[in-house]
Amino acid sequence: MEKTRYEIGLEKLAEVDGRQGDRVIQSLKELAPDLGKFIIEFAFGDIYTRPALDLKQRECVTLSSLAVLGGTENQLRVHINGALNVGVTPEEVIEVFIQCIPYVGFPRVLNAVSVAKEVFKSRKIIQ
Amino acid sequence: MEKTRYEIGLEKLAEVDGRQGDRVIQSLKELAPDLGKFIIEFAFGDIYTRPALDLKQRECVTLSSLAVLGGTENQLRVHINGALNVGVTPEEVIEVFIQCIPYVGFPRVLNAVSVAKEVFKSRKIIQ
Amino acid sequence: MEKTRYEIGLEKLAEVDGRQGDRVIQSLKELAPDLGKFIIEFAFGDIYTRPALDLKQRECVTLSSLAVLGGTENQLRVHINGALNVGVTPEEVIEVFIQCIPYVGFPRVLNAVSVAKEVFKSRKIIQ
Amino acid sequence: MEKTRYEIGLEKLAEVDGRQGDRVIQSLKELAPDLGKFIIEFAFGDIYTRPALDLKQRECVTLSSLAVLGGTENQLRVHINGALNVGVTPEEVIEVFIQCIPYVGFPRVLNAVSVAKEVFKSRKIIQ
Amino acid sequence: MEKTRYEIGLEKLAEVDGRQGDRVIQSLKELAPDLGKFIIEFAFGDIYTRPALDLKQRECVTLSSLAVLGGTENQLRVHINGALNVGVTPEEVIEVFIQCIPYVGFPRVLNAVSVAKEVFKSRKIIQ
Amino acid sequence: MEKTRYEIGLEKLAEVDGRQGDRVIQSLKELAPDLGKFIIEFAFGDIYTRPALDLKQRECVTLSSLAVLGGTENQLRVHINGALNVGVTPEEVIEVFIQCIPYVGFPRVLNAVSVAKEVFKSRKIIQ
């Protein structure tokens, strides 16, 4: 029997974000359950599963999108973890942010690097 | 004799953007020559030459940054060409933009895809 | 037999945007057909069909979102038409934009009103 | 005797935001009293009192504007309360944010819903 | 007899923007006359007339605000003219934009400089 | 012997930001030392040292850029201090933010004024 978009998305979410993403979905359960459903079905079920880019490339695009957007500390936390989970190296995470400097300036990049620092500490990548 | 940051940047600019980038620099000559100099020295001399990410990865980050930022049609035109010049496929260009949808919504992505369409036509990738 | 999300979305798109939305989808056919599919399935099939807000309320939220976002002239053109199609009055369209002034300032609102002017002319609402 | 714009705005502010808005104005008293005066006179005296949209509609436009803008947690807190004060239901508040997803993506909407959750808890709408 | 806010604002608008600003107000006459009234009364009557900063300083702040905001080509055109009208030199206009680079990156600054180039040509400052 | 861009930038950073800026650079030492180097060499070495605008004017442009950008509380804290260090008065700091209202609305300005309040307290300018 064919998997639903929800099941496909849930598997992809687990692959990328592990427990972090699950916590976001759980926190939406009472108030806005459909918002969690859309993230799973559409973002992870429809988009992340597409060919043409692998998961490492997708997470690098996501990191730069979130850094440029700004005010996305919570989402950066989830996706810096996600990037590391799928094999992006810590050095590459930082370098994605540095590559954004010419296009968006230092403040957005400093904010993103500051979230990276926190995530790297929690994963004992740095002290 | 060691190359200057300007010379290094100019070579990198030529490698990435070919004539397109050169036209941007030329157009700044009379009014704001230092702006062109900063783009060459800092963006291309200091940033694009760094290790950790190759030019294809850098251009993908640039494309998503510009798409998310919005109001960057001129810069997208230069860097969609740049991405193709360094080996990003047309399919990957479109996919980078599609990966931005969950983070920035449809309008920014539609605008970026519309510039891609124009660039792909001018390069005879599509009719 | 149950309608697919695509069929549901296509009906909703026709109800809201008429031919304008269809033109956007057609223009994506060759280069990024899935982008058009996502707009129909997700935006119109999943979101616009939800209860709690009627179509007039949804279009007012859309108009303010697009005005605040900026750089969305093409999308404003589609959705100012959409708003009028579902019964938002021209006066209400303008008033939605005026209500945004305290939160986003005059330039974004002037740009949105300028698109409204063009749409109202094309529909002979004003001369 | 005719009311001043300040008096008209103060009444409208009380109607919409109750004590929350007043606290914002008070906090500006020492450092930037004119900023508080402009919010009362212009935003609430000139804009919120206009016809064509009622207060519920105005607050829905405000909520979507603030959600799309991002980095506006303090203002969302005031206006989610304001929206509930003038009769927007909790379900409608959430739905306004969900309607923004196609135009601005998930992160801005997740941030807004997270402020709504906090406000709904403080008003005992949810536990 | 005391001048109204409208009269005060109109004088200030004439002082800063000359005919350009007037054209913006005229273009709003039929569709959104109150929007023009708010620009005159609030922006020019209430804000531009305040002490603490002179008109040159105010226009420099305006130029950087518009450059950073993006998607504001029409407003930049008005205010680059306005800045020159009140005594900001062409060199200072460009330098305000260059000072924004570290905070907002090259694309926003390139777009602003490109409007400056057009204005300087129309005023025969450059050829 | 000629000073390097790094030395020139470091002197300028000390002149503008004193210890605050140094703390930002230190915090980048382990994780992204080149990011700190670019801020010193490019932002402070190349840009802040240019003629045409003095340091007070540059800091006013910086303050409005950061206020308009949003999500820049950390950078505003550094540069409100920087502005005061180079002779911008507290009244002028607030007035720069007030001048941004017509272009970017109240929320961004309220956020910036709120950081100013905190900085002014820490410097005992207000209680």
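Chains: A, B, C, D, E and F, in written order; residue numbering restarts at 1 for each.
We adopt the following convention: a contact is a pair of C-beta atoms (placed from the backbone, for glycine too) under 8 Å apart; a residue touches a chain by one contact, two chains touch by 3 or more.
What you see is a predicted model; the values in this text were computed from it and never measured.
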| item | value |
| --- | --- |
| Both-way neighbours, i.e. chains that touch subunit D and touch subunit C | A, B, E, F |
| Repeat of the C-E interface, chosen from C-D, B-C or C-F (over half of contact pairs identical by residue number) | B-C |
| Superposition of subunit B upon subunit C: rotation angle, C-alpha, nearest 5 degrees | 120 |
| Furthest chain, CA centroid comparison against subunit D | B |
| Classification of the subunit A:subunit D interface as same or different, half of numbers criterion | different |
| For subunit A paired with subunit F, centre-to-centre distance based on mean C-alpha positions, whole Å | 30 |
| Separation of mean Cα positions, subunit E and subunit A [Å, integer] | 40 |
| Separation of mean Cα positions, subunit C and subunit A [Å, integer] | 29 |
| Separation of subunit A from subunit B, taking each centre as the mean of its C-alpha atoms, in whole Å | 24 |
| Touching two or more other chains - residues of subunit F | 34, 38-39, 42-43, 50, 66, 69-72, 75, 94, 98, 101-107 |
| Touching residues (chain side subunit B, partner subunit D) in the complex | 101-107 |
| For the subunit D and subunit F complex, residues of the former touching the latter | 24, 27-28, 30-32, 34-35, 38-39, 43, 66, 69-72, 74-75 |
| In the complex with subunit B, residue positions of subunit A that touch it | 39, 42-43, 47, 50, 52-53, 57-58, 60-62, 64-69, 72, 75, 91-92, 94-96, 98-104 |
| Subunit B contact footprint on subunit E (complex, rising order) | 70-71, 94, 97-98, 101, 105-111, 113-114, 116-117, 120, 126 |
| Partner subunit D, residues of subunit E touching it in the complex | 34, 38, 42, 46, 50 |
